[in-house]
Amino acid sequence: MNTFYALFPLLIIVAASLLVMILEVFFKREDRSYLAYLSLLFLIASAAACVKFWNKGYSYFDGNLSLSNLSLFFCSILIVATFLVILISMKYLTLHSANYGEYYALLLFALSGMIIMVSSSDLIVIFLGLEVLSLSSYALAGLRREDEKSNEAAIKYFLLGSFASAFLVFGIAFLYGATQATAIPSIIEGLKTGSSIGTLGLVGLGLVVIGFGFKVAVVPFHMWTPDVYQGAPTPITAFFSVGPKAVGFAVLLRIFIPYFQDALESQLLFGLLWIIAAITMIAGNLIALRQTNVKRILAYSSIAHAGYLMVAILAKDILGLVFYLTAYLFMNIGAFAAVIALGKKDHEYLELEDYRGIGFRYPWIGATFAVFLISLAGFPPTGGFLAKFYVFSAAVRQGLVSLVIIGVLASLVSVFYYLRIIIYMYMREPAYEVDINYDNPSLFLALFLCLYGVLQLGIFPGNILVLIRQAVAALPFL
Amino acid sequence: MEIPILSIVTFLPLAGALLFIFINRDKENLLRYLALFISIITFIVSLYLYFNFNAQTPDPQFVEKGPWIGYGINYHVGIDGISLYLVLLTTFLMPIVILSSWTYIQNRVKEYLIFMFLLQTGIIGVFVALNLFLFYVFWEAMLIPMYFLIGIWGGKRKIYATVKFVLFTMLGSLLMLVAIFYMYNLFYKATGTYSLNIFDYYRMILNPNVQVWLFLAFGLAFAIKVPMFPFHTWLPDAHVEAPTAGSVVLAAVLLKMGTYGFLRFAFPMFPDALQKFLPVLGVLCIIGIIYGGLMALIQKDVKSLVAYSSVSHMGLIMLAIFALNLEGIEGGIYQMLNHGLSTGALFLCVGILYERSHTRLIKDFGGVSKQMPIFSAFFLVCMLSSVGLPGLNGFVGEILCLFGVFKANKVLAILGVTTVILAAAYLLWMFQRVMQGPITNDKVRSFKDLNLREIAYLTPIVILMFWMGIYPQTFLRKMDVSVSNLVNQVNRKEAIFTEAKKENKPPVNMHVLTENEKDKDPIAKEDKESQ
Amino acid sequence: MIPLSYFLILSIILFVLGAIAFFVKRDLITQFMAIEIMFSAANLAILAFAKAATSLDGQIIVFFVITVAAAEAAVGLAIILLIFRQKKTIKSEDIKLMKG
Amino acid sequence: MTDYFWLIPLIPALSTLILVLFGQKLPKKYVSFQACFAVFASFAISVISFIGLLQTSHEHLPIIKNLFSWIYAGNFQADLALQLDPLSSIMTLVVTGVGFLIHVYSVGYMADDEGYTRYFTYLNLFTFAMLILVMGSNLVVMFVGWEGVGLCSYLLIGFWFDKHSAANAGKKAFIVNRIGDAAFLLGIFFIFINIGSGEFSIINQAIGSGAITQSLATLIAILLFVGATGKSAQIPLYIWLPDAMEGPTPVSALIHAATMVTAGVYMVARMNVLFTFSGSANSVVAIIGAVTAVFAATMALTQNDIKRVLAYSTISQIGYMFIGCGVGAYAAGMFHLYTHAFFKSLLFLAAGSVMHALSGELNMQKMGGLRKYLPLTYPTFLIGAIAIAGIPFLSGFFSKDAILTSAYANGQYLVWALGIFGAVLTAFYMFRLIFLTFFGNERLEPAAKSHLHESPPAMTIPLVLLAFFSIVAGYVGLPVVVGKNLDFFGRFLEPVIHKAHEVHLSLGTEWMLILISVAVAVTGIFIAWVFYIKNPKIPPNLVARFPGLYKILYNKYYVDEIYNTLFVNSTIKGSEIVYDHFDLKVIDGAVNGSAKATNFFGKILSYFQTGFIKDYALIFLLGAILLLGYLLF
Amino acid sequence: MAHFLFFLLAIICIASVLGMIISKDQAYNALFLIVAFVCMGGLFALLEAPFIAAVQIIIYAGAIMILFIFVIMMINLRKGVGPEKKRWTVYFAVVIAFVLIAELVLTVKGTLEPISSAAVEKLGNPTDLGRLLFTKYLYPFEITSILIIAALVGAIVLVKKRDKE
């Protein structure tokens, strides 16, 4: 197949973002939702392109672009995530006077960055993709320009993100020095066969962990998360909580799962990730207990979930990791969608107090939100439960019993704050009126899709699992 | 292909709940009647199980097995003599519970009924599941509706109570989940295939040290659910705050999930560890019996009194099943049903009082019998059933339980027999203070006696109490084979261990019988023959 | 010949100094500058390694990193400008609306 | 003729059922008719069965009717089976006979009560339970009746439940009984474990063939006897019976005098093989019985409440029955049970009649001189008193004498002496009662006096009948001194009561014993006469002289108070302390504490989340340092 | 000679970074930074990467820093903002600096000496570099275009003046 075609999933997205930017000029403000439809259309096209390459296993540019099933699956879920984010943004943007056409463009750029990252195994390409993602993200975080919180989110994200990037680059430098390579397989090979310089490679990997640890928000590199999540426009928060996390773990997966297979020095890094996973699960959940802002709660929850995902890495359980990410995508975007649904012109209801009695006043939103929270908490029969089931069972298989016990206890703590939102929604009498903008069909479509996803993944995940198994079968990663 | 009767029983309520979503919330009476109708239909369907149950075989019946997620996670349900009655108890109580909340629940009727149905599906699912994954799914899923039931329709401290209930229960079940993972993995390592089928797990013979941990994990989950002392403190809170129907279901069925769990999972899977822990467990049960009774004695709130009485009663049930003999376990199961009926009925009675007075404090009552003679009669019967008066159901269970315990350990039985005294003391005293004596509170004078609806839902319970007390054969005979099979299973596995210890074999990490070995092994052999 | 480890140590010192500068400086612009130093320090290390490996790849990497740094500068400065417009300050301590 | 004996308990049961279901809608007259008729029918069948039994040869005994398999689980197997043998036959006769009379009496006594239907329902239920108790062919069925009568006792004591004291007394009775029942249950378990069955016939056989050791037998027997002390109000569990007088008087007569409280005696007699085999258990029974007989009698001395006097008297008399059983003379014990049923229910009913006449007055000090107002009650009451006092030719004399003679014959001289002492006291307090009530000055309240009237025929006819039986009932078991084979009663029971060893006393000794007991009875009466007729100043003087003793006796040795502090209050107080300080603070505190601790850690961790970029960078750097340090070292 | 150059540049570089840390004025900071970047360019050249050195000076010291200075001028704070003076911050900074440097130095200690001798003269040939960029590194090179557009769009979105609606 022609190399050009191989670029299609990516190119379609990039083309879409360029087109959106150009067309923005020609559309009146109130017509800008057409840009969204256009983006959605292109996303579908891109997804279709991904499907086209399924089970083919192409690799181009010396492996810089690999269309393995795993990459394609990641691409697909990222496209789905973006799709959902666009759905939940459409009304939000007009309500919060941020209806810029560039929004969609940036979102699509971010997506393209992620696609670049997941479909490559070269650290340079990954780094570039990461920067495409990051730069778009910084801008997206600050998109509500009149909102000081949004500004602060942007600057915090930007400064700390760049700071972390510097560490990542330094790490890449060390890895390059140790193995003379930037392609992950070669690096791993070098580290495994011992032809590299031991400590250098090790510390290089450590620095890479810092870099990506920041992106996926693991403790102690998580500090930006709550603030940025809180400040950024809510659809963007939804996007942040899913997209960067997914790609971050996609990269960590490419690095560490083969590395852990039987590398000599792996024990040390294994222990490191073990600790990170443990404290991430603990700290994320503990701090979340104290929060009263729903977005912050979800932010800390996403930190905690990073911990669970880290367990999947340690368990060398790609299936579980991918499934977890898929389920997490639906439940988290769903939860944010519900938060967005409870908003009106220039105002969002974000404090727990606002949620009093919501469950009965807006039964559909309340019920779906409750389902997402229950799924996040890991109750069956939702996707969240099955995801945890896979990850933790795989971890036990790898003998990580104590880590799993920490994990389940931490998730016990998490139950408290997830249910707390439900308490406010259903079990407290409202203190004041909460009126919302109900005219938001695309959002409700997103809510429905997420609900469907969560339940489908929880009850009849068979088809998805087949796909994921196919994706995983194409190992090692190219 | 037969009719998937078990699935129908399990999911009919769920279908009802889904149906309810699409009914307008304002049509409250339609909702109520429909709910009643569905629950009665479910009960009738579940009766089919009883009448077609083959008491001659220990194998699970009405088995349905279908692929689900794969890798051992299958849809696999069936019932045997142990679970049969628990399913029936659930379906039996549901119409009653719905009737009992006919006027009690005035707002958010729709949601209430939906959660009730979800709860029912969850509970039945727990009892019929034969796949550990499926079991766990139902086990956890059922928490959610209960959470809402207490949290939305509960009393003043409902939120505290419901959060405590959920977190406490989850603490145990999550650790159990880890144990399930562990076994899942062990099985895979030993056989190369994935399975979560409990019958496969029954065949596993685990290293004793491993067993200890697994048993602790499973045991904790079940002990919290039961609840055994000292894990009982969630119960009074949950009971006091829950709406009547919630308390009824909680006491009648939910607590049984713990005891059922011990019987179905902890016993046959970890017999060796069980033996190790028996002394501790026995002591805990005894403490639970006496402690629960003493605490019940001094409660000021009727519901909390009944809740502590549950602690005491469940202690006896646990003690009985820990006796590990036919009498004890049959008695334990029988007593589970009894406790379900009598405590459930007591909660219904308290609910009736509450609906009239909006208080549950004992001191606010007194002399109610004068105003409500019919109610008094019902209350009396329910109380006596709980006390274990011969002729009523409680006696049969209690005497079998105590006998089983006695057979196993005389000291424990002698201590356990105090339940006979304590139960009488706290319940009669409560009855005296609430129902008898002069009327001190003017509110009581305005109490109306039971209406037809209330009589209608109490009557079946009372009839069943008498039936179970007078002719227990109806119920006992269908559990014989299953229970004796269970006892044998535990003992045989135990024997294998002692053998291994005697021969000084190196401790096997795990031993799963391959097809060839099955012929040599007594358990597998019998399994084959019985098929 | 200068031993390459000299370069490496220099790069490390610069990197750490950049990081420290990020930590101790109190205005957003200088903090951002500190990050740029860190990137450059990394570049220095890469080039040193590239020299050691006698490979051009390292230089290409550095090329990309510089591009990234430039792009970051654009966005970063835009954000700082935005902050200044909104809050009339670029003091790092004034960024404090969200915490806990 | 014995084919339908199993209907005996079922008829009252059926009647109960009908009354429960439809009672509220049926007319009063019908209710009483049905209730009485049911018991009468049972009585008729009892009589027929009794006659049939007389014609049945010993080998065919007991006649067992297995209704259905009841509780079957593993080794625990109990059928719902009834049996007819001489012992149960006598009991059915007593229960249904006396019961019938009391039913009839109640028609008059309870005529104006609003709980009329409920009353008869309970009464029928009681009859049913009692019949189950006596007819059960195994321990478990017996236990059913045992608890069933306890329930009825509870219900009937607390019949006027809106009175605090009544409700309290009912509860107390039930709980105290339950203590005994718990032991009884354990006894049953021991038997099941060691013998494998609860059927009386099998137990007897097994003990005969040496299935259990003697010490085990003692243990079992003692456990069963503890049950009996509860039901039959013996030391230490007698305390409920005096309070039980809160119930309607016919109930006291039927349940707390004639039938239920004697269930313990019946049970011991039923298990006589076991008790005899044990030996030491028998001694315990005898001693407890003797001590109770005297102890209760002393308490009766100072009471002013008619019914309480009678209650203590009942306790005391049951003590005699146990003496009989304890010394191996089960037949004598049963004989006393049988005669006691008549005269004690007579006394109660007569007392009820007095109360009825005085609109519920119970205090003897407020009576006096009632002789002339109650022409029928007085003589019948007197007959009862004479019978219980042990004056020859009335029933009480024969039975009590049989017991004391056996005690003496068995060498239990201490027991015998206590019995004799008790007899003095019995005679004294009974005639104190008579004298205070029917003789002397009228000390009536004016209001009571205006309504003074003799009771209606429904009440007096049973009185007369019972008086008749109180006189003649003893003649079925004449002592040896009168003639060799005149102890029909004892011989009738022979198939059930296996005599272990028979000691024959010389006729002279027998006569001497009889004379002694007659003498003490007369002495007792005489003292009472002196105290309350001849010189009424003596009692107050004595009280003044021995205030401490009087106080102790008057307050019943403070046993209730001691029990209350020792068991009841300390339990409640202790439980409250445990609840407040352990359940809430320690256990629940641990639960809530762990939640709080979790929250606290969350709080600490969230302090790091200052919101300042600088601090975030610091944490980041520290994290990096630690991470690299971990990798390097 | 090379040694001397290296140390000269290194010292200037470090000194200017330190100067940046200590100084208050942002304009000075920017100037310090330019000096540092220029020195770094020199060091790149020492590492036989002339093209990169040029790029470094042109883009970094030139373009990027101009951008910085523009912004500084736009903001034009009257009072500069010095480094954090709280004592614990300083201590922390010093300690962290030393520990981090120690750790990283420990990592690279002795790693490169063995291979450093085999230096090739023609390493930094821009032609080769260009060829490489458009063959082996074509894909990342193209990605940089996306990167730059994205950055562009982002920057514009954030600062473009818009008509309020």
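A, B, C, D and E are the chain letters, set down in written order, and residue numbers restart from 1 in every chain.
Please note the rule applied: a contact is a pair of C-beta atoms (placed from the backbone, for glycine too) under 8 Å apart; a residue touches a chain by one contact, two chains touch by 3 or more.
All values reported here derive from a predicted model rather than from experimental measurement.
Contacts with chain A and chain B are shared by D. Contacts with chain D and chain E are shared by A, C.
Which two chains touch most often is answered by the contact tally, and the pair is C-E. Averaging Cα coordinates per chain and for the whole protein, the chain whose average falls nearest the overall one is B.
The greatest centre-to-centre gap from chain C, using C-alpha centroids, is found for D.
Centroid distances built from C-alpha atoms place D farthest away from chain A. Rounded to whole angstrom units, the spacing between the C-alpha centres of chain B and chain C is 64. Between the CA-based centres of chain A and chain C the separation comes to 26 Å, rounded to the whole angstrom.
Separating the CA-averaged centres of chain C and chain D is a span of 96 Å.
A straight line joining the Cα centres of chain B and chain D is 38 Å long.
Chain contacts: chain E has residues 84, 89, 92, 96, 100, 103-104, 106-108, 111-112, 137, 140, 144, 147, 150-151, 154-156, 158 touching two or more partner chains. Residue positions 124, 128, 131, 135, 138-139, 142, 145, 154-156, 159, 163, 167, 174, 177, 199, 203, 226-227, 290-291, 416 of chain A each touch two or more of the other chains. Those residues of chain B in touch with two or more other chains are numbered 167. Applying the touch definition to every pair of chains gives A-B, A-C, A-D, A-E, B-D, C-D, C-E, D-E. The residues of chain D lying in touch with chain B in their complex are 20, 24, 68-76, 80, 118, 140, 143-144, 146-148, 151, 154, 158, 161-164, 167-168, 170-171, 174-175, 178-179, 181-183, 185-186, 189, 192-193, 571-572, 574-576, 578-579, 583, 587-588, 591, 595.
Of all residues in chain C, only 19, 22-24, 26, 31, 92-93, 95-100 touch chain D in the complex they form. Against chain A, in their complex, chain C makes its touches with residues 8, 11, 15, 18-19, 22, 28, 31-32, 35, 38-39, 41-43, 45-46, 48-50, 52-53, 55, 57-58, 60-61, 64-65, 68, 71-72, 75-76, 78-80, 82-83, 86-87, 95-100.
Note for the complex: chain E touches chain A at residues 103-104, 106-108, 111-112, 136-140, 143-144, 146-147, 149-151, 153-158, 165. Every residue of chain A that touches chain B in the complex is listed here, in rising order: 360, 363, 374, 379-381, 385-386, 389, 392-393, 395-397, 401, 404-405, 408-409, 411-412, 415-416, 419-420, 422-423, 426-428, 460-462, 465.
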